[in-house]
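Listed after this line are the structures, all set down as structure tokens.
Look at the two complexes coming up: subunit A is in both, with subunit B in one and subunit C in the other.
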Partner chain A sequence: MAPLQLQTVTKSFGAAQVLIGIDLAIHDKEFVVFVGPSGCGKSTLLRIIAGLDEATSGQIIIDGTDVSRLAPVDRGISMVFQSYALYPHLSVYENIAFPLRVQRLPEAEVKAKVARAADILQLTDKLPLKPGQLSGGQRQRVAIGRSIVRNPKVFLFDEPLSNLDAALRGDMRVELSGLHRDLSATMIYVTHDQVEAMTMAHRIVVLNAGHVEQFGTPMELYHHPATRFVATFIGQPNMNLVPATVLGTDAGGLAVELDGGPRLVLPVEPGAARSGDRVEVGIRPEHATLGDGIAMKVRVLERLGGVAITYGIMSSGQRFCAALHGDAAVAEGDTISVGVNPADCHVFGASGAVLRRLKAPVLAA
Partner chain B sequence: MRMDHYTLLQKIGIYLGIGLFLMFVLLPFLEMFRTSLSPMSHLFHAPYEIWNSEMSFQAYRDMWDKVPLLGRYIWNSIYIASMVTALSMIIITPAAYAYARLEFPLKALSLGAFLSINMFAGAVLLIPLYRLLNSLHLLNTYWAMIIPGIAFLIPTGIWLLKGYLEKIPRELEEAAYIDGASRVYTLRRVVLPLAVPGLIVVGTSVFIGAYAQQYLFAITFNQVKELQPLPAGLNQFIGYQSVEWNQMMAAALTGVLPVMAVFFFLQKYLVAGLTAGAVKE
Partner chain C sequence: MSDQMVSDTASAPAVARRRGLSETWFAWLLIAPAVLFTAVIVAWPLLETVRLSFTDATINSESWVGLANYHELLGSAKFYVVVGRTFFWMALSVSLKLVVGLIGASLLAAAVPGRALFRALIMPPWVIPIAIGCIGWLWLYNGQFGFISGMGQRLGLLDGPFEFLAYKRSAFYSAIVTDVWVGTPMVSLFFLAAMQGVNRDLYEAAWVDGAGRWYRFRRITIPQIMPTIISMALLSAIWTFNSFDIIYILTQGGPRGGTTTMIIDAYKTAFGNYNLGEGATRAVAIVVLLGLFSLAYLNILNRVNRHYGVK
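Up next is the complex of A and B:
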């Protein structure tokens, strides 16, 4: 049974509609990441699940119970805030013990539970300190400690790593994934960082302007983005979108001519596309290689070692980015040609919806 | 950021300004002190002399005989101001929290009304207050001086403390709410401990206000000698023939002394509280 279900959840602040009919079913012990650009409604959705905000309409169901009208503590959730929200006047011990004090548990039980949480999070020697005496990563762990002592069914995290520096963020990603494994609990994690989403999630919810663009595993989103938005949001560097005209359809798929580029036959379901329609062809930078195909003038070259990120401009004025081999023999100012395998291309209709790819990699279920 | 990037000229200007300001504030006190040390015979001496050889603390001894209830008056002052402060804070704290955090009808309107109360000088309301206290049979009791004091000080107190409470991150309360804490529990365990510097600032300002406004309420609502606060009691140094200025000033300074001592120890919090939230930590 799905421990968490959202049924047509909407939220408006006055006239502004922030969430538009969110439907989700999250599996038991799943690590789900809500990802999307700033302001798309991630925090709002999380706060509605937590019970900090009330949905304008729709239901939140946890473990088969409609919790939409329940207080947070009765929903079986706990939440870690972006700012950590530690109590600065209380010791680490009392911060972690706070939920237990609210429950008025006997001191011995409090002690045991705090000790266990501190042990999991390697905070045992920090218990007497005040939050102000801890580093960012340690504060983050205290906030997590406070959320695990109650044994909630669902953990909610709102951008928990965004206050940390890049190196620490990488470490904490690994720690959080480990924590998820150790606690074997359901976790919902909000971030605007697609790298966090791709690396940590079992499944990712891509939110955009208050609605779900796509809900799937990281590799599903990578190989089968449902919309143009998902395609450009997932993957680093971003997918190129090259305008093209449909020439016709045949057994092999859709024949198109890229603006300022070659003709390609792309193995996708043509659907309603007709000759003469305008479409966009999505090409991931990492799928471009030096070879016959798209001609472009190199404007900026970033050699990262293993790869050389090559930013160029096509004769049509279209920007194009290719992640070439690190030693590729190119220089800024060169005019080069990059080739793509038609099976790697994505095609988006005028509405932004994708045309199904026929030869995409098979995903493990 | 370091703030001492002033040129010498700017520094001189700043210190001159501060000096001028302090002179206005402190000269009356110096004059009080000088007066309290001078024997009566020297007080109206011309030309003015800052120091003379007969200066002594004699007035500080004589004043207790001249006005035997002086100790009682000082005690009354502190008692009334303390009662006003304690009771005001009991009302101000939850009210300020409500204004800082909750939504309710007429919130903005009532806040505006609080401000406008301050525009009525206490004196305008003395007659209505007199009638009110009379019908409640509270005239000539401590309450006659405490209750109006509270009423006049609550509005400013709410404004002050509300501003302070609003600076406490909302997420701290939300975290407590997530963990099942009630509003009252959160107020007690999270908000108030964090608001201590703010509470001290507001408490101090209420206390000062209560101390300053006693005179008006005391001479209007109270005839009982034993209940008079110091400012009203000082009237007794005004005799039919002469005014014992030196003893009066000595008594006034002595009365303020315990209060000053307390403020001295709270100073650290006062500065912290007044500048709280001005910088991100």
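Up next is the complex of A and C:
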């Protein structure tokens, strides 16, 4: 229940730089998700906030206080671990009560706090059991309960759902979002799963190779990815990147010719793009529809019911994926043509930087 | 192909049937070598010992005396002194091995530079032959030339040369020290292995919650390695109960029986005085006591494992 700021936090292990100048300002009561591929530094960053690892340089400020040199317990944080880190020899009750026992609180107070946490998490009838007797989702809730009783300023979650099966993960996502609403606490959540990030976060921090690629709301990231990396990382299936050549620019946008595809006039700020430059046009599979446009031969078709994920190959050899209507009349081996609305397209320069879209949906936030 | 595999895996009883053997006999055939081996190495000597305990066997004569040896043994006050001493020997030595082993393992588990070297350095007491280690201790305990007596005099703790193995009480505790010296490294290594098996997240979670080092040790490490502590206590108790070589090399059970435990008593009776029958009776008493002890301990172990969430 407090704002949190990171100021030029860096972390090196010997010569290896794991985090490079991280600056973040997280608001009070915000749910922020750190997302990125394995090894991007997201867990290290969380551990630095928790105080389990020390930053090589930089400050961590929680609720206006510089906590960079404080022990974890003095930072006003609590943490839920990927492995749950439940004590197998203690009952659910004692697991949840553990932080209170450390503080030597009177038994009546311990009892009241554990009862309240158990009530919130629907664990009341599980209190006498050992963790070994619980399901994965219940263990997860016990770990969260142990966090709740400390009444921390900031909750930290390190990939808490990655050990659960897909169905349970979906349920727990909803529960965690509800919990955040009920506790109205600041939460930082690390995951490599972009679906978790998109569904739960107020704002998402996309980390890549130790630096922040973009920090914004889920829909900002979706509609206005700052970089090629963010564009391909967010969205499922991944965005298609089709190489293209700039034919000309004007105030309305950029005229390009896709390699092995049609000419398009894309409504983006042309910036420094000049005629003859090579660019990449980003097209989300869900924005492609059957119609006049890009010709491709269908290699694999995945019908999921509502959508038919169609993987094809263009005449240039470029792979292209389209998420068509579930009943779309296509078959593997067919040559089909898919159309795109130029307003939905993204354009990336040679450096991976994005050209700002002019006709993207207006964001509420 | 898959039919072939199924018939292959199901073929052992099939082979047995083809050879005209029932499945039971086939099973007996398979375990026969192990049964034979056990019978020769364990069962026959054990039965022979029990048989001897009902005789007054010496080296060259033997006749059946029924329960006379048992009557005599159980009626002798000296026997109970030896039993008491044996249990005291076991309890003290095992407790020390566990406590010192736990402290040693904790130090070895700490992330200090050169800990691999320390881990190697605790091995010698366990690795060198016990006889050689004991000869070293004989020298240490020697009153005229021994290191301990010499240091004691220099530091003013002893008035003059002190022969540690010459007095009942000091000989007993000296033998305990040597027994602990030999037995601790293995206990330490087992504890260290168990400590390294504890999920590190548990410590980090406790640290985040404000638990200090001692609190984490008490409420996480000890309960997590409790099954190992109990197992080591059981094994160590049996080995210490039967510890023969250390006592025999240091004191041969003396002075005046001060270090005579049940196993030394049995040996001296059977092979010192050549009363094989009476010696066998004492050996049977050891088997019975250790058997009861093991049963009780296994029962405790099961309960502890259940309590600490181990299957």
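Following the convention adopted for this analysis, the second predicted complex is superposed on the first by the 363 of 365 C-alpha atoms of A that agree within 3 Å, B and C clash if a C-alpha of one lies under 4 Å from a C-alpha of the other, contacts with A are read in each partner's own complex, and residues count from 1 in each chain.
In this text, a residue touches a chain if its C-beta (ideal position, glycine included) is under 8 Å from a C-beta of that chain, and two chains touch if they have at least 3 such contacts.
In this text the structure is predicted, and so the values were computed from the model without any measurement.
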Quiz item: Do subunit B and subunit C fit side by side on subunit A after the overlay, or clash?
Solution: clash
Self-check item: subunit B versus subunit C as contact partner of A:Phe98, first or second or both or neither
Solution: both
Quiz item: Where does A:Ser83 make contact in the superposed view: on subunit B (first), on subunit C (second), on both, or on neither?
Solution: both
Quiz item: When the two structures are overlaid on chain A, which partner does A:Pro131 contact: first (subunit B), second (subunit C), both, or neither?
Solution: second
Quiz item: According to the contact criterion defined above, which of subunit B and subunit C contacts more residues of subunit A?
Solution: C
Quiz prompt | Residues on subunit A lying within both footprints (that of subunit B and that of subunit C) | solution = 50-52, 71-73, 77-79, 81, 83, 85, 87-89, 98-99, 101-103, 146, 150
Quiz item: Which of the residues in subunit A end up touching subunit C in this complex?
Solution: 50-52, 71-73, 77-79, 81-85, 87-90, 98-99, 101-103, 130-132, 146, 150
Practice problem: State the interface residues of subunit C toward subunit A in the complex, per the touch definition above. | Solution: 199, 201-202, 204-211, 215, 219-220, 223-224, 226, 307-309
Quiz item: Which residues of subunit B touch subunit A in the complex?
Solution: 169, 171-172, 174-181, 185, 189-190, 193-194
Quiz item: For subunit A, which residues are in contact with subunit B within the complex?
Solution: 50-52, 71-73, 77-79, 81, 83, 85, 87-89, 98-99, 101-103, 146, 150
